[in-house]
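Next come the structures, one after another.
The following pair of complexes shares a single chain, chain A, combined with chain B in the former and chain C in the latter.
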Partner chain A sequence: MIEMLLILFAPLIGGLLYGFERIVRARMQNRQGPPLLQPFYDMYKLIDKQAFIVNPYHSILGIMHFVTLWIVVAFIILGQNLLYVIFLHLLSTIFIILAGFSVKSIYSHIGANRELLAMLAYEPILIMMAVGFFMLNGSFDISIIREKEASLFPLFLLFLAYLTVIPIKLKKSPFDATEAHQEIVGGVEIEFSGVFFEFLYMAKWLEYIFVYLLLFLFAGNNILLATALFLIVFLLLNLIDNATARIKMNHLIKIVLGVGITLGMCNLLGLSYV
Partner chain B sequence: MRLKNLSVIAFVMVLSALSLGNIFAYGVPFEMNLPDVFHNLFIFLDAVVLLYFLWQGILFKHSYVILFALVQMLLYGAVMLLSPSVVSSDILVDNISSVMYLVINIVGGIIIVFALEYIESETFTRVRKNSFIAMLFFFLAVMNFIVSTNNIEIFFLLFELTTLCSYVLIGYRGDELSKKNALQALWMNQIGGVAILMALIFSILQYDTIYFDVLITNSEPLYLLPIVFLVLAAFVKGASIPFENWLLGAMVAPTPVSAILHSATMVKIAPFLMLKLFPAMSGFVSLTVTLIGTFVFFSASLLALSKDYFKEILGLSTIALLGLMMALAAIGTPEAITACLVLIVFHAISKALLFLQAGILEKSFHLKYVDDIDGLVNRSPLVVFFIIIGFASLTLPPFGAFIAKFMAIESIAGEIHNNPLYVFALIFLALGSVFLTLLYFKVMTKLFAKEADNKSQYVKISKYYTIPSFLLLALLVIGVYISFEREFLSSLELVVPLLLIAVVPLLFATLLFQKADRVKEYNCGEKDEIQLSMYYFHMPRNVQLTISVLATLGMWILVLGVLL
Partner chain C sequence: MYEKYRKKSPWILHYNAGSCNGCDIEILAALAPKYDLERFGVINTGNPKQSDIFLITGPVTLRSRERIVELYTQIPEPKVVVAVGSCSCTGGVFRDMYNVEDGVDRYIPVDVYIPGCAVSPELIIDGVVKGLDILEQKTKEMEKPFKLFQEATTKDGITSRRETPLRVGEDNEKN
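The block that comes next holds the complex of A and B.
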C-alpha cells in the first residue's frame, strides 16, 4: 500500500525536492530563493499556455520519456532487478534523445547528441555498480539488497564513482553540458512548450527520485545511514553546483569515464579477493 | 517463373517444418556412421576444392591464396598419411545442432524468399539469377551438414565448402571490387582451414582420434593444442578482429548474401564451434577466449561508430556480437550457454530483418549511406518501422538479445569470484554494449529527422520484400513469448517494455494534436537555412592499429600459453 502511494506521488515528491533544492542553493548564495512550492506554481502556469508543437512525433516521444521514467521509479520502489532497472532507465533516456533528434533544430540536435555522449559516460558505471551489488549480495534484486546490511563500506569506491554520475543526471555543474542553458538553450528541452513541457519538467523531478533511490541502495537496511547519505550528498551536490563552472562535454566524458571505470574496477577487483 | 518461386517457397517451408520437428522430437542425441564410400567421396571433394582454390589463386595472381592453398594441401596430405585408431560416429545431432537447424533453415529460408525478388532487379542473365538462388540453397545445405558432423575431417571439408560458397557469392557481381573482396575472404578463411588441419594433426598425434566427442572427453588440460587451433579457426570464421576485413568486404555482394552470411550461416559456425569445445577448455583457455571475445565486442562497436555505410555498420555490429557469443560459450556455465544460444537465435532474426531493410533501401530508394536516409519516415513508414524494431530488438527489453546481454553480465559477474581478471571482460562488455546502443540510435535518429509536417512521395514496396520482413517480425514476437515461457525475466519485466515500445507507433498513428498550433523550430532569430547532418566519431588510424595488434597479441598468448 505504502509502495503504491509512493509510486503514485513520486513526481510530487520529486517536485518538492526540487523546490527545496532551489531554496538551499539560494541560501548558499545569500539569496532568499523562491517559495518551496514554486515548481508547482510553474506547472500551474504552464497549463494555461497556448500549446505549440513542431511535430507530433516530438511531443509523443517527450511524453514517453516521462512515462518510462515513472515506470523505472516504480520498479525500484517495488524492489525489482537492479540491472534491469538500469536498462529500462536507458530506454527512457533513449526516448528523450529520439525526441531531440526528431525536430530540425540545431540546439535540440546538439542537446540530444550530448545526452548520448553523457550516456556513454555514466552507463558503464551504473552497470559496474549493479555488478558490485551482485557480487556482495549474490543477487541483482533490489528487495534483497535493501534487506542486507549497508554496503557503503565494501562498495565505497563504486559509491564515489556513482557520485560523479549524479550531477550528470541532475544537470548540475560542473557536469551540466547536456543542458547548458547559456550555450545551447536547454538542449533537448528547447522545442517543448506549454503542456508538453510539463511532462519534461515532471521527468526532471522523477530523475531526482531515481538518483536518490539508487543512492539509498548503498545504505541497505540502515535507515539512519540512508538519511545521512541523502543529506550529505544533497548538500555536497548543491555546494559543488554553486562553486564550480561548467566543463566541456569531451572533458566530462574523459573525467567521468576515466575516474569511474578506474574506481569501479579497483572496487570489483577488491571484492573478488574477499 | 511463377513455378520457380512457388517451388522455392515450398522447399523453404519443408525445411522449416523439418527443423521445427527436430526440435520438438529431441531427446537422445542422434548418432550415425557414414559408409566408406562417402569418406572416399569426401577426400575426393577436399582435393577438388583445394585444387580449385589453387587454380583461382593462380588465375588472379593472388599470392596469399596460392600460399594457403598449398599449405593446406601439404597438411591435408599429412593428415591422410596418419591413421587414427579411436573411432566414434560421423554424425552427431544434439540440442545445440537442433537450435542451429532452426536458425539456418527458418531464417536462411526467409532470406532466400526475399532473394527471389531482389535478384530479379539485378542485371544478370537468367541462368546466373537462378544459379544465385541455387547457390544460396547449397550454402544452407552445407551449413546443415556442418552442425551435424562429429568428424573433424568432414568438418574440415564443410568448412572449406562454406569458404567456397562465400567466395563465389561475394564475387557474384564480377566487377573489380567484388573480385578483390572475394579473394580477400578466400585467403582469410583459408587460415581457418589451416588451423583446423593443424588441430587434426595434433589431435591424431596426441589423442589418436579425428572425432570431436572423443577429443573433448579425453582432452587433458596440459595438452590442448588441438582445441586451441579449432578455437583459432572459429575466430577466423567469426571474423573476429584482426580477421574482420573479409566480412566487411563481403558487403559488395548482393544484399541477400550479406544477410545470409551475417545471420543464418557462415559466421554462426564460430559460436557453434565454441559451444562444442567449451567442455575441453582449461581455465586459462576459457579466460583468454572470454577476454578476446569481449575485447572484440568492445572494439568492433567502437570502430562502427565512425562508419557511415549502412551495411558496414551492420557488419561491425555482427562482428561485435559474435565476439560476445564466443566469449559466452567459452565461459561455459549453463547460464552463459543459454545466453549464447539465445543470442545466436535472436541475432540471426534481427540481423536478417535489418539486412532485408538495407536491401529494400538499396532497391526501392537507391540509398546506401545513413546520411541520406533523412526523413525516410515520410516516404516509407513500414521500412522505418522494421528498421526500428530491428535495432530495438538488439538493445532493448523484452527482446532476446537484451535478455542474452543481461544474462551475459550476470554470468561474467559470477565468474569474477573465480578469477579477478574477468573484471576486464565485464568492463569491455559494459562499454561495448553502450557503444552499440549509441551506434544503433545514431542510425535511428536519422530516420526520425522530419521537417515540420511536410508531405512527400509515398513509395510502394513489393510484397516479396515485405512478407519476409513480416515473417521475421513474427519470429521475434514468438521469441518474446518463449522467453516468457522459459521465465528468463518476470512477466512484469517483459510486458511493460513491450507495451511501451508498442504504444509509440500507435500513438504516432493516432495522436496528431490537431488543436496545438504548429511552430517552426527555434533558431535564435537566424533566417539562414540549416542543414543537419549526423554526428561522427573520428577514429584515428593508430587506434584501429592498436586494436588489431592487441587482438592478435591475445591470440598469440592463447597459443603460446597452451604450448608452455
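The block that comes next holds the complex of A and C.
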C-alpha cells in the first residue's frame, strides 16, 4: 500500500525536492530564492499555455520519456531487478534522444548528440554498479539488496564513481554540457512548449527520485545511513554546482569514463579476490 | 482556473535589438543576487517557446526587426511584451536616424514601457510586476482574430460597415 502511494506521488515528491533544492542553491548564493512550491506553480502555468506541436512524434516521445521514467521509479520502489531498472532507464533516455533528433532545430540535434555521448560515459558505471551489487549480495533484485547490510564500505570506490554520474543525470555543473542552458538553450528540450514541456519538466523531477533511490541502495537496510548519504550528497552536489563552471563535452567523457571505469574496475577486481 | 499561477512563474526572454548594452546589464543586475528577481519565480530562459515575458532593449535596428517579429510569434499565448529603456520605447537619442526604427511598438504590440537611460533595476522589477498584472488579465480569446467591420449594410439611407451607422452631427465619443 505504502509502495503504491509512493509510486503515485513520486513526481510530487520529486517536485518538492526540486523546489527545496532551488531554495538551497539560492541561500548558498546569499539570496532569498523562489518559494518551495515554485515547480508546481510552473507546472500549472505550463498547462495553461498554448502548446506548439512541431511534429506529433516529437511530442509523443517526450511523453514516453516521462512515462518510462515513472515506470523505472516504480520498479525501484517495488524492488525489481536492478539490471532491468538500468536498461529501462536507458530506454527512457533513448526516447528523449529520438525526440531531439526528430525536429530540425540544430540546437536540438546538438543536445541529442551530447545526450548520447553522456550516456556513453555514465552507462558503463551504472552497469558496473549493478555487477558490484550482484557480487556482494548474489542477486540483482533490489528487494534483496535492500534487506542486506549496508554495502557502502565494500563498494566505496563504486560509490565514488556513482558520484560522478549524479551531476550528469541531474544536469548540474560541471557536468551539464548536455543541457548547457546558455550555449545550446537546453539542448533536446528546446522545441517543447506548453503542456509538452511540462512532461519534460516533470521527468526532471523523476530523475531526482531515480538518482537518490539508486543512492539509497548503498545504504542497504540502514535507514540512518541512507538519510546521512542523501543529506551529504545533496549538499555536496549543490555546493559543487554553485562553485564550478561547465566543462566541455569531450572533457566530461574523459573525466567520467577515466575516473569512473578505473574506480569501478578496481572495486570489482577487489571484490572478486576477497 | 490556472490564471493565478501565471503570475507566479513568469519566464523571461531577453532580446537585444541593437542596444548599447546598458539596459542589458541592468536586466542582468535585476536577475543577479542583489535584486534577485528569482524570488518571484522568474527564470531567464533563452528559449521563446517556453517564455511568458518578452524583454526588449534598444532601438529596433533594421537588422533586428525581423528577429523581433519572429521571436514574438514563437512565444506561446498568453504573453507580455515589455519595452525596456528609452530607446525601445521611443527610439531615444537615436530617433529619426536612418538605420533605426524608433521603438518596438512599430512592429509588435507593447504592454509595458519602462523609460530610462539606462533603466534602473528597481524600475525593471516594477515593470515586470506590472506586466504580471497584465498577464493575469490576458485570455486566449483576446488573441483570436476577429472581424473589425461587418458587411456593408444600408440603413436609413446611410451605407455603413459598422454595427450602428454613424449619423451626421452625432456625438462621436462612443466610438
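Quick note on the criterion: the second predicted complex is superposed on the first by the 274 of 274 C-alpha atoms of A that agree within 3 Å, B and C clash if a C-alpha of one lies under 4 Å from a C-alpha of the other, contacts with A are read in each partner's own complex, and residues count from 1 in each chain.
Just so we're on the same page, contacts are C-beta pairs under 8 Å (C-beta built on N, C-alpha and C of every residue); 3 or more make two chains touch, one makes a residue touch a chain.
Since this is a predicted model, take the numbers as computed values, not measurements.
When both complexes are superposed on chain A, chain B and chain C sit side by side without a clash. Within the superposed three-chain model, A:18 lies out of touch with both chain B and chain C [touch as defined at top].
Contacts of A:50 after superposition on the shared chain: both chain B and chain C are touched. In the superposition on chain A, contact of A:38 is made with chain C only, not with chain B.
In the superposed model, A:101 lies in contact with chain B only, and not with chain C. In the superposed model, A:162 makes contact with neither chain B nor chain C.
Put simply, more of the residues of chain A are touched by B, taking chain B and chain C as the two choices. Touch criterion met: A:29 reaches chain C, while chain B stays clear of it.
Contacts of A:190 after superposition on the shared chain: both chain B and chain C are touched. When the two structures are aligned on the shared chain, A:208 is found in touch with neither chain B nor chain C.
Look at A:218: by the touch rule set out above, it reaches neither chain B nor chain C.
Chain B and chain C never share a C-alpha pair closer than 5 Å once the two structures are laid over each other. With the contact threshold set out at the top, residues 50-52, 185, 190-191, 194 of chain A are in contact with chain B in one structure and with chain C in the other. Within the complex formed with chain A, the chain C residues making contact are 2-3, 5-6, 8-9, 33, 36, 38-41, 45-47, 49-50, 52, 74, 76-78, 140.
By the touch rule above, chain A contacts chain C in their complex via residues 22, 26, 29-35, 38, 41-42, 44-52, 181-182, 185-186, 190-194, 197.
Interface residues of chain A, counted against chain B in their complex, comprise 50-57, 59-61, 64, 67-68, 71, 80-81, 83-84, 87-88, 90-91, 94, 97-98, 101-109, 112-113, 116, 119-120, 123-124, 127-128, 130-131, 134-135, 140, 185, 190-191, 194, 261, 264-265, 268-269, 271-273. Across the complex, chain B meets chain A through its residues 377, 396-397, 402, 406, 409-410, 413, 416-417, 419-420, 423-424, 426-427, 430-431, 433-435, 437-438, 441-442, 444-446, 448-453, 489-490, 492-493, 496-497, 500, 503-504, 507-508, 511-513, 515-524, 530, 532, 535.
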